[in-house]
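For reference, the structure I am asking about is given below.
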Amino acid sequence: MTIRVGIVGVGVMGADHARTLATQVPGAHLHAVQDADAARAAAVAQETGAGKSLTDPLALIADPAIDAVLIASPDATHRDFTRACLAAGKPVLCEKPLAPTARECLEIVAAEAALGRRLVQVGYMRRFDPAYVELKAKLGSGRLGRALMFHCQHRNVAAPAWFTADMAIGNSAVHEFDIARWVLDADMISVQAFKPRGPAPGAAVGPVFILLESALGQLVDIEVFNNAAYGYDVRGELVCETGTVALAPPVRTVTNATLVHGADYPADWRPHFADAYRLQLQAWIKSIETGHPVGASAWDGYVAAAIAEAGQESLARGQRVAIKLAPRPVLYPAAA
Amino acid sequence: MTIRVGIVGVGVMGADHARTLATQVPGAHLHAVQDADAARAAAVAQETGAGKSLTDPLALIADPAIDAVLIASPDATHRDFTRACLAAGKPVLCEKPLAPTARECLEIVAAEAALGRRLVQVGYMRRFDPAYVELKAKLGSGRLGRALMFHCQHRNVAAPAWFTADMAIGNSAVHEFDIARWVLDADMISVQAFKPRGPAPGAAVGPVFILLESALGQLVDIEVFNNAAYGYDVRGELVCETGTVALAPPVRTVTNATLVHGADYPADWRPHFADAYRLQLQAWIKSIETGHPVGASAWDGYVAAAIAEAGQESLARGQRVAIKLAPRPVLYPAAA
Amino acid sequence: MTIRVGIVGVGVMGADHARTLATQVPGAHLHAVQDADAARAAAVAQETGAGKSLTDPLALIADPAIDAVLIASPDATHRDFTRACLAAGKPVLCEKPLAPTARECLEIVAAEAALGRRLVQVGYMRRFDPAYVELKAKLGSGRLGRALMFHCQHRNVAAPAWFTADMAIGNSAVHEFDIARWVLDADMISVQAFKPRGPAPGAAVGPVFILLESALGQLVDIEVFNNAAYGYDVRGELVCETGTVALAPPVRTVTNATLVHGADYPADWRPHFADAYRLQLQAWIKSIETGHPVGASAWDGYVAAAIAEAGQESLARGQRVAIKLAPRPVLYPAAA
Amino acid sequence: MTIRVGIVGVGVMGADHARTLATQVPGAHLHAVQDADAARAAAVAQETGAGKSLTDPLALIADPAIDAVLIASPDATHRDFTRACLAAGKPVLCEKPLAPTARECLEIVAAEAALGRRLVQVGYMRRFDPAYVELKAKLGSGRLGRALMFHCQHRNVAAPAWFTADMAIGNSAVHEFDIARWVLDADMISVQAFKPRGPAPGAAVGPVFILLESALGQLVDIEVFNNAAYGYDVRGELVCETGTVALAPPVRTVTNATLVHGADYPADWRPHFADAYRLQLQAWIKSIETGHPVGASAWDGYVAAAIAEAGQESLARGQRVAIKLAPRPVLYPAAA
């Protein structure tokens, strides 16, 4: 059984997904790629051997030759295209965020809940990253006792000049919100965001520091620094009752040169999470075959967005903000 | 020229200081040791070759054969003994805290300011730790730009059952308060303390998490976990405009055994900071010879206590508390 | 285009290959698995969805429905089965060693050379390991100058009691011989093997230490220790003119517990090289599609065996032994 | 009791020793410094507060106001000055090598043996380095079983153009010979030296690779690379029956910058071994007070020289050379 996939949007992420699907994921056939830029769609189709390229996203979603849809178009389009997939009854893997606002995410949740079966997966790929998987397994082993705190850092080399602290929360920190919920298997009940001193005036946005409190009383602290300059770096350390466990950087070689013993950082997130993206796609295809959903659900996508909005409000008001969620449809499992 | 030193209090720390002074610090002669427990004083005198042991601290301080005093007696006595040293016009190295309350510290500050010359050094030994010194030097080099954040962790194996979160702040976190001010060369203007979920009920105190805001807008986050179980561990990472610099653990060998590649932790702070204690004593003796004070001043001791009290208030009230300091006498230098 | 693969021998390695092919390698279809043990063959076929299981290896090789053959049967059978594949004109990926003796390997080389096209790949999977690939790329970048030495360690937890130093050379060290030739892109001209003191009498074989000299004057030193007890560990450091580059251990998380900061070792080689095996299979399937051979050739398989035999002779005679190779057919490329 | 020390030769090493003695070693008084260059002697005397500077080494040794002598003059003078100290009945710490040839070393051994008490310590300071001490202690704990192999690397940034492979053995590798004997507590019975390909023609000497066989059958392999370019680096890994233990690099901070996670190397050996030099001096002074010799003896100095000469012979002849030692006087302890 081969799942015929169509990709909506083949910019940087979509084209990467297309390549991975075409060369590293068994059980899938890349049937068509879509982009508003016809030349780009055609180029990616040619490179990846996709049978077909088009510019109309809804035509791709409606195409009866397509079994499942991957959405990697601009964020503002995610809600409509995901809803179109739900309407067509097709499994969909939507890049994060599920939608730009919590309210829009909730529309998708409601539509899926009305349908009564899970078709939506959100591309929070860290859940498939072997390092995070091992971190969670070490917590799950019980050897370190219960989790008390989770220290997280998320650093990029550089963000555009127009990137704001609100975007740092809504665009970058959402990865941390999702993975913290998944690792701790706990809901978050409050958030507090801080804006420490940033780089020299005129430079782009500085770090944002965020504290989450979980329903179990755990504290999650998150540094998001989109202009960290030195490299793409994601770290996490789980502090437990009898020990801690931390992500190791994905280093393959170490070099001695020019008075330094050093390990390289990638300049962006793709080398760091290449395997997570591959394994996410593989798990998604497998989940379509088996009918058992995996990964972040539409509800998870909504919750990440809701935390982000509470975080942005906290930043604006300078105080702690409670995280209030809509009622959770029974379609989605509760945290432990 | 040899400085004749007397030590007040030779419990665990005082006896360690006595041994270090007697065997590793040139320019000093351990003249006398004092302890309320006469047998202990005598034993330490014998072990270290101190000429004399006594039980009366004020007699030691007053002894004209003693040039300088090291105070390592219980915290509650620090104020009186330090003031006695000031009254006697003798240089004194007082173990932290300078006194149990900010108000008492301020009395010492006032007395020293009235004297018009600095005689008091507070035993914030991290300022002499080669790793912190290198951290500060890397910041000072300018190669990483200005400091934006400082992430700190302070973990002990276990604290007594009666140890409280307030003690975690007043007794452990003060080291972090002092070193953060020293590394950043900045005053702290607000503090906010959190008490995340702790170990299983019945167990001793859990972690405390503290945020400091500096006058330069920098954010310092501090985890103090006195029951961290796995080992004595102190870490710090300075996040700067173009890179970060972090303390490396003081590891001498790494071992492969039983499916683990591992480096040992000490069970308490003494092996970790043994060199810092030695270098602090050496610098103190040297400073007496030269007349140029080094290390944490009485003012620094007061400020650490003031931050601690604001932190304890924050914990009690559940909100951010501004750090209000008394006017700084001109005897003490301002932060940058 | 889908390559229909048959696997000869589904013991530990063969069954792993079957699972990887069935679930992680696009472009391949696992058509049949063979094993002398019919029940095992059937079980693996069932688990992996292979259409068919059988006990006759030559029948599998001859099956016209099979495009390519993976040989993972006992070493003693490799020559005959590989030659049968050549006779059938089918691409074959043969687990290392290509054959138990250099002479037998040479028969395969001769048969393939007579055929005039490369069909044989030998399963020296390290050539596909991302860490070795990065090591070679760093050398290739020229930034470190030319390679002068290569220090290699190969350690297993435990070997059976009947395992000998000759087997350590012929079975384990061959991986090092192959990867050293590949990384350095150089032929080896002499070998010298040593047998240092081993574990306590009665215990199984101790370490073997091997020195290779390359045609470029480089020195490769190899420790093979099959009873290293502590974990499965493979390391390599390339010493170059202006720096060194070393393999980093494939660590995903680090744990603090019980006074140790530690990273786990696997108990055997499969977790360490899981990705190398997957990438090797993927590259093999791709090479069949494109007709461009990749990985270790039959000639490389022969050379590894020839070095091993010279190494065994060196161990027996206690002196350096020159590595003498048969003439290289033009079908195979020369080292740089 | 204060030991009055005189230093013969205050070039780079001697001046460093003078500074360390004057500021970090209690129990010692730097009484006089000597150098053939009177201005240099005077400058070092002034900097360190030594009471006196002179140019005549024998006058310094003979000075009745001097209790003990530290020799840091050119290697060629070591024998005569050490013998003068023996003749004067004064404790002497002689920088390595004890003398340029094994024969000359043996003269010192014979003179000291005739005297019937140990006065000579050789400056193999690694025996006092906390990392080597911990390495040896881990072996001694028995937890890893017996030692089977010892892998050693010794790398300098650059050597002068006139530096030869023989010098690499006689000047650098002697440190490894001594520390291997000390860590393993075993005599060495054979040596074999190799000269792998070096840096580009015209450049200075390349690496030398040396194998030692111990009387217990252990293998010690040593890379000495005096033009390693990237930094001063000394490493060692002890392979034991149930695990390994290795020196950790003496790193205080790690820096993230310019796409690299890096730890600094020093440009020469002094920062790496600063603490070893201090502790060696402290132990030497203490040993004079107590009358119990510590550190490398004249015999150890002879043995290192004898191994070096056998290694140089091996390099010249291209084969293994047995290490033949003179009879050991009973004054010196045997290896385990």
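When the chains are written out, they are named A, B, C and D in that same order, and each has its own residue count from 1.
One rule holds in what follows: a contact is a pair of C-beta atoms (placed from the backbone, for glycine too) under 8 Å apart; a residue touches a chain by one contact, two chains touch by 3 or more.
Keep in mind it's a predicted model, so treat the numbers as computed, not measured.
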item	value
Contact-richer chain pair [A-D vs C-D]	C-D
Chain of greatest Cα-centre distance to chain C	B
Whole-Å gap between the CA centroids of chain B and chain D	37
Cα-centroid distance, chain A relative to chain D, in whole angstrom	56
Chain C and chain D, separation of their C-alpha mean positions in angstrom	43
In chain B, residues with contacts to at least two other chains	229-230, 242-244, 251, 256-258, 263
Parts of chain A lying in touch with chain D, wherever the complex brings them together	229-231, 233, 249, 251, 256-267
Complex contacts: residues of chain D adjacent to chain C	145-146, 148-149, 151, 153, 194, 196-200, 203, 206-207, 209, 211, 213-214, 216-219, 221, 223, 225, 228-230, 239, 241-244
Chain A to chain C touching residues, read off their complex	22-28, 130-131, 134-135, 138, 143-144, 242-248, 250-258, 263, 275, 282
